[in-house]
Amino acid sequence: MSHYNNFAGQRIGRVEALSDGVFAIAMTILVFDLKDPVSNLLASDTEIRAALYGMMPKFLTYILSFMTLGIFWTGQSTQYDYIVRYDRNLNWMALFFLMFASLLPFSTVILGNHIHSKFAVGLYWLNILALGVLIFLHWQYACRKNYLSVDGDAKRLVHEAVTRRILVAQSLYALGCALCFISTYLSISFIIAVQLNYALGIFPKNKPA
Amino acid sequence: MSHYNNFAGQRIGRVEALSDGVFAIAMTILVFDLKDPVSNLLASDTEIRAALYGMMPKFLTYILSFMTLGIFWTGQSTQYDYIVRYDRNLNWMALFFLMFASLLPFSTVILGNHIHSKFAVGLYWLNILALGVLIFLHWQYACRKNYLSVDGDAKRLVHEAVTRRILVAQSLYALGCALCFISTYLSISFIIAVQLNYALGIFPKNKPA
Amino acid sequence: MSHYNNFAGQRIGRVEALSDGVFAIAMTILVFDLKDPVSNLLASDTEIRAALYGMMPKFLTYILSFMTLGIFWTGQSTQYDYIVRYDRNLNWMALFFLMFASLLPFSTVILGNHIHSKFAVGLYWLNILALGVLIFLHWQYACRKNYLSVDGDAKRLVHEAVTRRILVAQSLYALGCALCFISTYLSISFIIAVQLNYALGIFPKNKPA
Amino acid sequence: MSHYNNFAGQRIGRVEALSDGVFAIAMTILVFDLKDPVSNLLASDTEIRAALYGMMPKFLTYILSFMTLGIFWTGQSTQYDYIVRYDRNLNWMALFFLMFASLLPFSTVILGNHIHSKFAVGLYWLNILALGVLIFLHWQYACRKNYLSVDGDAKRLVHEAVTRRILVAQSLYALGCALCFISTYLSISFIIAVQLNYALGIFPKNKPA
């Protein structure tokens, strides 16, 4: 008897397209939290500038969340560079991963509104952690099932590099979250600094390929 | 005379791309129903936590709807694994299917706001039913027209597995909906349990392919 | 000297992907006009049902607009079945076409809120007309420039079928709009009937291909 | 030791898909700033028309922003016509480029609400400038690293044409912004005129390819 579960959820191209959609939307709707702060439509330039200045926490969390999404999108995209087979278990790990990506705008609003709240920082960090756990499991499962395009030493190198990157990044995010007991601004700034470092590829230095 | 209807709506790739778009957006805008419940921007952590706790019905319906969309997206994606030809009838079944997918965030808001209302549960179930009916017709039509990539026994096996999956799932959803006459929470929990079972592939157990 | 305009905007795949995105989003954000009409969260089932019943104009315009978008999306998709070359003029016709597609949710809100207003019907019709004019120009230009994959008689047949379909449909929409001088409901119902006819392919009857 | 940075972010197809998503969404959510201006649901046609007429600044900024996004989308798409290799530096330039594309709806709201504010015009221009700088760097980097599909003279011609187009366009936008010291309407009209010229390809005239 052929069972539905044996052939469902195997189209990598569709999962990638859905992921690009969810990430594109999540990135773009972050901007919904940025609203015109000036109700008076005939406000002077000075008033508008002052009001925008008061939105600093929101701009900060906007950049934070855009980079978070960019990093996890790049990370997931890199995995698909190597994954050539797929099954319904990976399909559902990817869907739950997308669920937490689509929740990030919510965590961002909470954090942007309550920039001094340790609880809001913790909630945001839980969101990052969930993304990290799911992308980690997705990779381990694909490796264990031999769904990669590479084999032998190449597989080992790629496997270790991806695994290490996730673990190091998540350790730094956890450290960043812990800093909220000193100051939530310090906490957020540290996480953004870690992200900028990853985005700009400053440290550890790229070796020539 | 060449008739427009004979060559319109035959591009499977476009329908898949549109579907990925609609599902990605529907999944992501579910989060719009999750709003910061704390108007006081200087609220204490305890207040924020309590307010989020009061949002439980909304988190519940969020997970419910994300999984509903994930299941139907996976189901539709699986059909396209086998469908290699297309015509305008399938095109419009797919479009009406997407219409009900894009209506799900609305049904979700009604349910999230009125978690004790049998009527809201019934409305939500009608939405699931419409998705099921359309994906069922889509499959039957494609099979009848011999638009599949498989033939003979392989076709029969795939055809039966897909048909059985839709019918069993819809029966369970109908049962779940009926449970609202006991309790709407029971109803929603039962449907989530069915969905989790499908997502995690627990029962019936996957046989080795 | 190589001029930028000679090589910009030639990627059909990207234009198709952008179109799928815009249509998917426009289709899905139509639902934003459907809001929970019941502010009282402990409302009885009867109250909820009555409130939803009062939303009939909005459901009507929702279906109207979803079908409008579905028809134009199918029409554009059919053109790309035949167009194999592209240039920046087509690129910008496509972009302005998408601009009016993304305006449709706005026209829909105006119509849904003012279901008895001839002006709102006229505005909605102008939106449909703009979509029709742009998709018409897009096709004529591509034919004139010999950008199609077909030639000779095949080209003539396809060219005439597409042209005829756009002209007939737009004439019926114009007639539908004119009916608003009798009743706006008649006007909207007539347009939906025309659209359903196109979607279901009832009349003129499909001839076997 | 294989380093994560050496193989991350190299999938051009994914970056293109994400870009199409972000642009499609940014283009479509511009419409969110267009709201039904008539609260009275039984308003007369005259009232509705007058209210819509009062929304002129918003329609103006809507067209402005749709064209801005269309131009940068076309520009980016043209670059990908020639770029055949990719690395994580390009990946992150593309992500920051998308960040400013997704910020445009916010700049648009500020400008639409404060059409007489020089500060709002300046803010909008900064957004255009940021898009220009990033797309410029993206191109220079890809050329310098020899990631293009063309070589020798062909490369030089393409390289110069793309570079010239960005620099000329940005100069015109800067000039347009400076005009706000005379009148913000003049400023916006000038930028729209520049954009229309680029969209319609009027001046400089296309030479036959």
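Chains here go by letter, A, B, C and D, matching the order in which they are written, and residues are numbered from 1 within each.
Basically, a residue touches a chain if its C-beta (ideal position, glycine included) is under 8 Å from a C-beta of that chain, and two chains touch if they have at least 3 such contacts.
The model shown is predicted, which means the values in this text are computed figures rather than measured ones.
For the self-contact between chain A and chain B, the two sides draw on mostly distinct residue numbers; the shared fraction is below half. One copy, chain B, sits rotated relative to the other, chain C; on C-alpha atoms the angle is 90 degrees to the nearest 5. Averaged C-alpha coordinates give centres for chain C and chain D that are 25 Å from one another.
With each centre defined as the average position of its C-alpha atoms, the distance from chain A to chain C rounds to 35 Å. In chain A, the residues that reach two or more other chains under the touch definition are 17, 20-21, 24-25, 29. Residues 16-17, 20-21, 23-25, 27-32, 34-36, 38, 41-43, 45, 48-49, 52, 63, 66, 70, 73-75, 77-78, 80-81, 157-158, 160-162, 164-165, 199-201, 204, 206-207, 209 of chain C are the ones that touch chain B when the two sit in their complex.
Across the interface of their complex, chain D is touched by residues 1-11, 14, 17-18, 20-22, 24-26, 29, 88-89, 91-92, 95, 98-99, 102-103, 105-106, 109-110, 113-114, 116-120, 123 of chain C.
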